[in-house]
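Below is one structure; the comments refer to it alone.
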Amino acid sequence: MTRYVLNRLGQSLLLLVGVSIIGFALMHLAPGGPLAVYTLNPTVTALDIERVKHQFGLDQPVYVQYFKWAGGLATGNWGYSFFGGRPVASIVIERFPATLELMGSSLALALIIGVAIGIVAAVRRNSWIDYATTTAAMLSLSLPTFWFGLLAIYLFAQTLGWFPAGGIASTGGGGFADRLRHLVLPMLVLAFVLVAQWSRYTRSAMLDILDQDFMRTARAKGLSPARILVGYGLRAALVPLVTLAGLQLPLLVGGALVTETVFSWPGMGLLFVNALGTRDYPVLMAILMVGAVVVVLGNLLADVVAALIDPRIKLAHG
Amino acid sequence: MASLLDVRNLSVSFGRNPAVDGVSFTLAERETLGLVGESGCGKSTTALALMRLTHHARIEGEARFGERDLMRLDDGAMRRVRGSEIAMIFQDPGTALHPLIRVGEQVADVMRAQLGISAAEARARALELFRKVGIAAPEQRLRAYPHELSGGMCQRVMIAAAIACSPRLLLADEPTTALDVTVQAQILELIREVSSEAGMSVILITHDLGVVAGMTDRVAVMYAGRIVETAATDRLFAQPMHPYSRGLLGAVPKLDGGWDEELTTIPGTVQGAALQGGCRFAPRCPLAGDMCRRDPPLEEIAEGHFVACWKAR
Amino acid sequence: MADVLLAEIAAVAPSGRAHVLRRFLRHRLAVLGLIVVAILGCAAAGAPWLAPYEPDEVAITQRYSPPFSEGRFLGADDLGRDVLSRLMYAGRISLSVGISAMLVTLVVGFLVGAFAAYLGGWVDTILMRLTDVMLCFPSVFLLLFVAAFVTPSLASIALMIGLTCWMEIARIVHAQILALKSADFIAAARMAGAPAWRIVLRQILPNTLAPILVAATLNTANAILLESYISFLGYGIQPPEASWGNMLTNAQSDFQVDPWLAVFPGLAITLAVASFNFIGDGLRDALDPRVRD
C-alpha cells in the first residue's frame, strides 16, 4: 500500500510540475506579458517599465524566472497584487474558507441526493421513474448555472423574499442562522447540476453491478434487500464513483466560480472574476494554480481511497 | 417416505418459448439427485426457478418443499427460505464472491441475516465452518479477499456459506466446471461429506456424466427444457432407455476402450427444438418414427425408472 | 499495388450504419433533440430573412415591452430592440461558436491522440502527459484567463474554447488507436507500404468514429455553455453584437424591470444545449456494442 501511495504521490508531483510550467507559459504568452497593464498606461515611461521589470525580475532569462516563480509558489510567496499591493497569498487564502463552505456543502448534498436517485433509477430500470429522472438529469446538466442562479435569486429572494439575494452574511456579521440563510440558495444552485451528474454516474455504475454474479449469490443467501443493494451493490459501485469524484473536480471548481459570481459569494471564484477586470495577473495566476492544485490533490486522494476500498487496485498499479 | 421436494409441471418462460417446460421430479430426504444435460437444456434455470431467482420470467407449476409451495410464497417468506433452508452454490466461485468483502464476512453475513446471531458469534462459527470445509490456516483466511484465494478455496468458501445455516437442500449448479481437474474431485468429495454429515439433500447440476457417477443416488436427464429420463444412477449407467441418454453415455470415452475408438456423437444441435410439436429429440434421434410426432409423456417403465420415449416400452 | 491492397483492406472495416440509424431513431428524446437543433439551426441561419426586425433597430418608445405587445412576439429590450430578432441573430453567433469550437477540439484532440498512440515512445508519453496536465485546470478558469487578454471575436473565442476542451477527445482517440494498433488490417496496410499519415486518415479515422461522434456532440453542448458564460461576464462576444450569453449580461437588473428579458436567452441556451446532449446520449446508446437489442 505504501508503495502505491508513493507511486501516486510521485505522479502527482510530476503533474504539479507540468501544471506550473503551463501556468508560467500562459503568464508570459499573454499579450504584453505580465507588464501589460503598465505598458497600456501612457504616463508610464520606458524607463519606469525597465525599473519595474528589474524589480519583478523580468529581465532575467526565462528559465531563471520560472524557477524563481515556481519556487515562490511552493514556498507561499505568490507575489503582490498589482492593485493595492497586498501579498497575493493572504488575499487568496482569506477567501478560501468561503469557497470551501460553498463547494463542500453543495457536494455533500448532491452526493446524498444524487446517489440515492441513481440507485432508484438503476433498480427500477426502464420504469417511468427511471426515464423521468434520467431526462430531468439531462435537462439540469443543460441549464446554464449562472442563468439558473439568476432565476433563483429573482424567484426566491426578490419575489418571495425567503432568502437573501447574495453575499455570505448580513452586513455587520450575522449569527449561524443568518449565514445558513445566505448559504441555501447558492448551495442549491450549485448542487443542482451536481445532483444530475451524480445520479447519472451512480445509475450507470449500479446497472453494471446489478448484473454481476456476486449479486445473485447475495440474493441466494436470502439477505435483506437493503443489505444486498447497499452492502453488496453500492459497495462495489464505490470505487468507480470515488474515481469519478476525482475526475469531476475541475467541473466542481468551475461551477463554484460561476455560482460565486452570481451570488456575490466572497470566495476565490468571485476574487478571480474581479481580478479579471483589473487584469491583476498575480492574483489571477495564483487562483488558477490553486484550482489546478486542488484538482491534482483531489485526484490523489480519490486514488488512495479507491485503493483502500478495492485492494486489487494496488496490485495492478503497484 | 414423504419427499423433501416435489416439483410438478414447473415451467419457466422468458418471452415466448419456455426454457423449462413441464418439469416434474421428486427428491427424498438425504438423497442426492443429479440433473444432467447439455448447455442450454434448462437445468440451471430449473434450480434458479426453485430459488425464485430468475429475473422477469414467467413461472408456472408448483414446487412443494415440506409443507409449502415455493412458488406461492410471498417475497419475505421466500427470502427466509433462501440461504437457511435451501442454499445454492454457483459455477464460477471467483465471480460469485463479492470482490471487495472479506471472505469470512461473506460467510458470516448469511448467518447474521438468517439466524439472528451476533457478529462475534457469526465470526466464530465462520471459523468453524472454514475448518469443516478444509480451508487451511482458517484464522488468516477469514480476513482474505477472494482474489487472494485459488478457485478451489473460493468454492470451499461458497460451500461454507451455503451450509452455514444447515439447510435441508443444497442446489449445486456446475460447482466444479470452472475448476482444475484435480481440484474438482476434492470439491465433489467435500460436497458429499458435508451433505451426508448434515443429512442434507443435494441437487447436483452438471453436464459432465463423470461427475454424476460417483456422487448421486438418482439422475434426471434433461433435454430442451424437459426431463427425458430419470433413474437410479447405477441403473441409468447400466441400462439407459432414452436414445438421448444412450447417446450421452456413448459419448463418454471409456477406460477400457482402445485409443482409436471413435466417440459416438449425437448429430445436430439443441437449437430450434421447441419450435415443432412432438418429441423434442426426434430431429436428432436415430430411432425416430411417425409416432414421435406426438410428445411422449414421462412414464415409469420399471420401478423408479421413468422415460419419455415411445420406443422405450 | 499498395492502393489496391489498401482499398481491399478498407472494405473489411466494420459497417452496419443502417442498424445504428435504426437504434438511434428509437430514442425519442434524441430524435426530438435533432429536430430542435434543426429548427434552431434554420432560424439562426435564416435570420437575415426570417427575423421580423433588425437586431439593432432601436425603438426607445417601446422599451421593455412585454411579449405579445406592440406586435412583437417576445417583446423588446431596454433599447426597444426586438427580442425575437435578437435571439435569432444571437443564435447564429452562439451556435457558430459552439460548432466551431467543437471542430477545433476535434482536430486538436484527434491529432494529439492519434499521433501519440500511433508513434508511441517518448512522443506518446509527452503528449499524454500534456493532456493530463491540461485536464487539471478547470476549463472555466483557463478560458476566462485567456479571454481577458485576447481581443474577443467569434473566431478567437471559438479557438480559445477549443484549446481548453480538446483533452477528452485526445484520450478517447488515444485509447481507440492503441486498441486498433494491434489489429490485423492495420498490420497489413503497413506491410503494403502505406505511409503513417495515410493509415491514420484512411484506416484509423473511420474506425474510431463512434465514440468521437458522441464526444463531439457533447462538446458542442459544453462549448455553447462556455461561450454563454464568458459572454455573460463580458469577456466573450462584445455588444452590440448579440449572443445568447451577452443578452443576459444585464439580467440581474433587468429582472426588476422586465423579467422576460432574462428568461428567453437562458431558455434558448438551455434548449440548444439540452438538444445536443440528448443527441449525444442517443448516439452513445445507438453505437454501444454492449446494448442488447
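Letters A, B and C name the chains as they come in the text, with residue numbers starting at 1 for each one.
By definition in this document, contacts are C-beta pairs under 8 Å (C-beta built on N, C-alpha and C of every residue); 3 or more make two chains touch, one makes a residue touch a chain.
Note that the coordinates shown come from a computational prediction; the quantities given were computed from them, not determined experimentally.
Steps from subunit A to subunit C, minimised over paths through touching chains, total 1.
The chain with its Cα centre farthest from the Cα centre of subunit A is B. Centre to centre, using the average C-alpha position, subunit A and subunit C are separated by 23 Å.
Subunit B and subunit C have Cα centroids separated by 55 Å. Mean C-alpha positions place subunit A and subunit B at a centre distance of 53 Å.
In subunit B, there is no position where the chain touches two or more neighbouring chains simultaneously. Here subunit B touches subunit A in the complex through residues 51, 53, 79-84, 87-88, 90, 92, 95-101, 109-110, 113-114, 145, 147, 158, 161, going by the rule given at the top. Those residues of subunit C whose C-beta lies close enough to touch subunit A in the complex are 29, 129-130, 132-142, 144-146, 148-150, 221, 225, 228-229, 232-233, 235, 245, 248, 251-252, 255-256, 259, 262-263, 265-266, 269-270, 273-274, 277-278, 281.
Of all residues in subunit A, only 14-15, 18-19, 21-22, 26, 30-32, 36, 135, 138-139, 141-144, 146-148, 150-151, 153-154, 158, 250-251, 253-254, 257-258, 261, 272-273, 276, 279, 284, 287-288, 291-292, 295-296 touch subunit C in the complex they form. Those residues of subunit A that touch subunit B in the complex are listed here as 212-214, 216-224, 227, 231-232, 235-236, 239, 309-312, 315.
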